[in-house]
Amino acid sequence: MCADQIERLPTGITGFDHIANGGLPKGRTTLVSGTAGSAKTVFAAQFLAAGIKRGEPGVFVTFEETPEALRRNMLGFGWDIARWEAEGKWVFVDVSPQPEEELVELGSYDLGALLARIEHAVRSIGAVRLSMDSLGAIFTRLNDSRVVRNELFRIVSTLRRLGVTAVLTAERTQEYGEIARYGVEEFVSDDVVILRNLLEDEKRRRTVEILKFRGTSHQKGSFPFTVIPGEGIHVIPLSAIELKQRSSSVR
Amino acid sequence: MCADQIERLPTGITGFDHIANGGLPKGRTTLVSGTAGSAKTVFAAQFLAAGIKRGEPGVFVTFEETPEALRRNMLGFGWDIARWEAEGKWVFVDVSPQPEEELVELGSYDLGALLARIEHAVRSIGAVRLSMDSLGAIFTRLNDSRVVRNELFRIVSTLRRLGVTAVLTAERTQEYGEIARYGVEEFVSDDVVILRNLLEDEKRRRTVEILKFRGTSHQKGSFPFTVIPGEGIHVIPLSAIELKQRSSSVR
Amino acid sequence: MCADQIERLPTGITGFDHIANGGLPKGRTTLVSGTAGSAKTVFAAQFLAAGIKRGEPGVFVTFEETPEALRRNMLGFGWDIARWEAEGKWVFVDVSPQPEEELVELGSYDLGALLARIEHAVRSIGAVRLSMDSLGAIFTRLNDSRVVRNELFRIVSTLRRLGVTAVLTAERTQEYGEIARYGVEEFVSDDVVILRNLLEDEKRRRTVEILKFRGTSHQKGSFPFTVIPGEGIHVIPLSAIELKQRSSSVR
Amino acid sequence: MCADQIERLPTGITGFDHIANGGLPKGRTTLVSGTAGSAKTVFAAQFLAAGIKRGEPGVFVTFEETPEALRRNMLGFGWDIARWEAEGKWVFVDVSPQPEEELVELGSYDLGALLARIEHAVRSIGAVRLSMDSLGAIFTRLNDSRVVRNELFRIVSTLRRLGVTAVLTAERTQEYGEIARYGVEEFVSDDVVILRNLLEDEKRRRTVEILKFRGTSHQKGSFPFTVIPGEGIHVIPLSAIELKQRSSSVR
Amino acid sequence: MCADQIERLPTGITGFDHIANGGLPKGRTTLVSGTAGSAKTVFAAQFLAAGIKRGEPGVFVTFEETPEALRRNMLGFGWDIARWEAEGKWVFVDVSPQPEEELVELGSYDLGALLARIEHAVRSIGAVRLSMDSLGAIFTRLNDSRVVRNELFRIVSTLRRLGVTAVLTAERTQEYGEIARYGVEEFVSDDVVILRNLLEDEKRRRTVEILKFRGTSHQKGSFPFTVIPGEGIHVIPLSAIELKQRSSSVR
Amino acid sequence: MCADQIERLPTGITGFDHIANGGLPKGRTTLVSGTAGSAKTVFAAQFLAAGIKRGEPGVFVTFEETPEALRRNMLGFGWDIARWEAEGKWVFVDVSPQPEEELVELGSYDLGALLARIEHAVRSIGAVRLSMDSLGAIFTRLNDSRVVRNELFRIVSTLRRLGVTAVLTAERTQEYGEIARYGVEEFVSDDVVILRNLLEDEKRRRTVEILKFRGTSHQKGSFPFTVIPGEGIHVIPLSAIELKQRSSSVR
């Protein structure tokens, strides 16, 4: 199905690899954008967990939740992160703010130092995959929103140089409209996935959509998914027949 | 129903524990966001009142209403706060502005001192639960909206360290759209509950929704509730059958 | 109908006391918000006029209309303010801008001095009720919109200390959306009433709604009212049967 | 129909006096707000022209169109302003910008001097009516939008002191939403009239509405009008029967 | 049909003179506002071309397209501008930015010098008509958007003094809502025409509407037009019957 | 079909030349605006690739993706850029940010130097076509958004002087509304094409529309297209009959 030159890395997320025509573009960074609770962190962690099952070590850069919280939160999906850490298959780069530390100076955030720590972590375990969760936290600390584009480019470039396949989560405050907070993230990124948590008739419905994969093909449109205890994200790819029915239905 | 690792603390709010799969995540802070009059304060107080009935002391940090006003306002629900205070089961941390004091300097607000007072109060009665009402007031006094994310993180981290299970209320000015005032609160928080007070056909209807519980499952969508004298918030969980009917109804 | 601890003060506004379960919460300040021409000033004056008929003196703090204009404008409702002033039942605190005075310096507005004048007026006639019309004018003179929350709190606190039951009007520029101009007024206030002047099918329709009464119950939803010469605001409470019909009607 | 104390001055605008219960409130200033081309200037001029026919001299303060342009533009309605000027019945206060003069300094606009010129003009012919067209131009020259409220108040106060009945036009850029440009004009003014020029189905339809008359009654809702050569604004008051039909029509 | 005093100058644009009751108001400036590609430049050029056919020389002030580009672009309509220039019937005032010149200083734009050049050009050929295309480019170079109103007034005044009948194009970014970019242009101008390029059902449809002609009458509502090679703008005035049908059609 | 004077350069994009009445205006710059993933880069590259097949060398100026990434991403369409580079038919001007370089100073971006590099590249291979992808990246580095209009003009002027036919891509964050990010790009450009990636019923549909071609005719409205592996953009021009059907279908 994928006749072009962009290699894929299977995510192991049920159904997602199907709509992605094999997985995420290898050696590149995919932006995963969604509102609060849209399952960005589950996606980012599951991407690493699936890699570990295939023998690919992973690095998880966390800006918001502490490693401790993530270890506990992901246990419900059957992912024993602590064990993987002990086995040298999972490494945290912990950039979550320290409760004690005052916010000395806005803008003093040192992106170069962070990238060095990430490089060190990747090297230390020979990481094949990397997740960074989430951009919202890092840019809030920058003192000039105009630099977002540039900083994001530096991150993506460094990850490319390191050869890892990466997932980078981004925050949005609305289900439609701007893709991410600053209106530039989706342009800097090669690949963009959107997670939605739609409120319809007072009920919630989750969907995932590949907005773009530069230089390669993928399934278009959005697909329903659920978050299942003991498993994680479970995408339900519609067959061609179902898609047809759906589109011909009155609206 | 809750096979994952995140323990729950029953809130005692009728029906809510059912949609929360047992209660609020234990040892964490839940953001409760709503418009003016959406019953945030009732939720926050009822959470403590229910704890006291189970033998769990509670701390109520108030930024807006004075302790005196709260004692009186909650009497209508049958909660005798003054007695609980006398019995060492309820402690107020009063951060409501003093009418006499001028607003000396915007931004001079000392979050560190507040956190110390909270810690002292929690220790003094061995509090298990804590409510903080509301964020809107505290951030208005901060002089730089960019620091909201950081300050909120410090609060949440401190509460986690103290081991209490907490409710933190937040203000929003619209029933849909941004979850809370600054567009970042819902990302910093592990758990988010939304209280709505919808105007439909010139009538009001209240609903509660769990937007997210990090790392654990919960009922999705919004559920109707009422505020009943002598009782407080009363959530009406719909049975699976009713839910089905609701969703298949023409709209 | 009102089993809780919050005492009421009948407003004397026909029909309103019914939906308010007896009247405005006694000893507290109620925010009355509405667009231009929504009858805020009529509400504020009628509240005092009704009190005088029950032997309760009142203070009217005016920021926009001069006392002279108010005396004349309210005559159409049969309220002889000049006489009440002579009888020591009504006192104006005139804070309306003086045409001659230049706007020396924005922000030099002295809230402390105003509160002192109000206290003096309340004491001088033993006022039971107070109306302040409107917040919009006072805050326009403040030089920093961030201080609105704090200033409003000081006003409300002072009125509480003085023991009066008060009505405070606020401006909004749209019938729906933000409750008042600065997006914080409704959170600082214990009690909020909304006056609407809806344009439907090129016709105007007035409604009143109690958005919240902290710590006590009230009728929910909005109720039609008219402004009648010789009487003032006349709220038409719908019977339970009518309400049912209204909600079941096709829309 | 008008049992209250607010005297009226007939405008002479066909049909308008009917919906105004007799005319504009005497001795006060009415804000007339509308989009470009909504007939604000026609309204303002017709108000003076009608007065002259009743023996009441008028002052026209013009900020935008030159007196020369106004004389010519109003001829189509049969109003011979030049003659009236010669007869001492109409005086222009010309504040239209002079093409040659550079914009020396924003904010240097001298409102006091303008008010003095207006006072002089009013005195010189014993003016009973005054029109000021339009606020948009005057405030654009002010360098701080926060002072709009105060400046507008000074204008209105001065006109009240001079005893004239006045029309003050204001600009809005949308047919619905904010009443006027700065969101405060409608609160400072005692009386507000809205002129609309609605685009429906690619056709234009004009309506006039009295939004508020402080302290007195008026017809509610909007009424269609046309601008007729040789006559001016012609309002078509709907009979009660027609109104009923209109409101019961399906929409 | 035009009984008033405002003389008209036929534009020569097929059908437009009909809805304009004879043409554009003579000796005045008409603002022609539209989105990108709405045919503003075609309108402006056609206005001059039609004049030349009637023996009236014209000046074209161009801010965006170079004279060279305009000569070529207008050839498709059969307008041989180069020949007319040679014959002294058409003069360009070229204010298009020079590619080589750096943007020395924003705000240093010399409006006085431009007006002098325009005056010189008008005098040199005894111009009767003038087109200026477009305002967007001139104001972008001004460093303070508050001066737009004043600058625009200076332009209009100068043109009035020169006695030419002028077309001034303005940019808007949306088909509905604000008439032009700065929200003031339509108030400063005596006459406003709107060109729309509507997207309906994925098809484009062009319409023209006279929003206002100060002091004189015109057809109301919008009329379809097309841009035809070899001819230019071709307005299709609907007969009264067609208009009726259109308005009664279901929508 | 194209009787006017503006010569065309066939793009080689299937179906597009048909709706463009022959191709892009020769010697000019066409702005191609679209959201993230709307196929702007594919369009820009295909324009060059098609030229090479006709013996016309091309320059690709890249601001976002590195030449290396582009070489790989375009292989899926069968375009062997590396070979073309070796054969002197394709030259990259690489302005993509260097990951190592810190963002020394915002605004220090040297447009003059860039234009010199572009001129050099064009000369070196005698380029006939040029693509520049994308404007978003270049303007983010400028420190003053008011200069966008001027800078864009300098770019367009330089390209005109060089005699190349160019495609310039621009970013937009919404499918409707503002054409491009700064609200001025579409006015400075002679020719504008819009690529849309519409979300309807949870499915994506791509369309292309020629918004304007200055001085020449083109098909109006939007046309569906797909991105096909091994081919690139494939526009499906609707026949007149189909268009008729489409417009008469119920919506």
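The first chain written gets the first letter, and so on, giving A, B, C, D, E and F; residue counts start at 1 in each chain.
The working rule: a contact is a pair of C-beta atoms (placed from the backbone, for glycine too) under 8 Å apart; a residue touches a chain by one contact, two chains touch by 3 or more.
The structure displayed is predicted, hence computed values, not measured ones.
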Minimum number of chain-to-chain contact steps, subunit C to subunit E: 2
Type of subunit A:subunit B copy interface by residue overlap (half), same or different: different
Approximate Å spacing (C-alpha centroids) for the pair subunit B, subunit E: 60
Where subunit D and subunit F are represented by their mean Cα positions, the distance between them in whole Å: 52
Distance from the mean Cα position of subunit F to that of subunit A, given in whole angstrom: 30
Residue numbers of subunit C (touch at least two other chains): none
Chain contact topology (line, ring, star, complete or other): ring
Subunit B residues within the subunit A interface of the complex: 3-6, 112, 144, 146-147, 149-151, 153-154, 157-158, 160-161, 176-179, 183-184, 186-190, 192, 207, 211-212, 214-217, 220-222, 243, 246-247, 251
Complex interface listing, subunit A residues touching subunit B: 35-37, 41, 64-65, 69, 72-77, 97-99, 102-103, 106, 134, 136-137, 140-141, 143, 171, 173-174, 199, 201-204, 227, 229-230
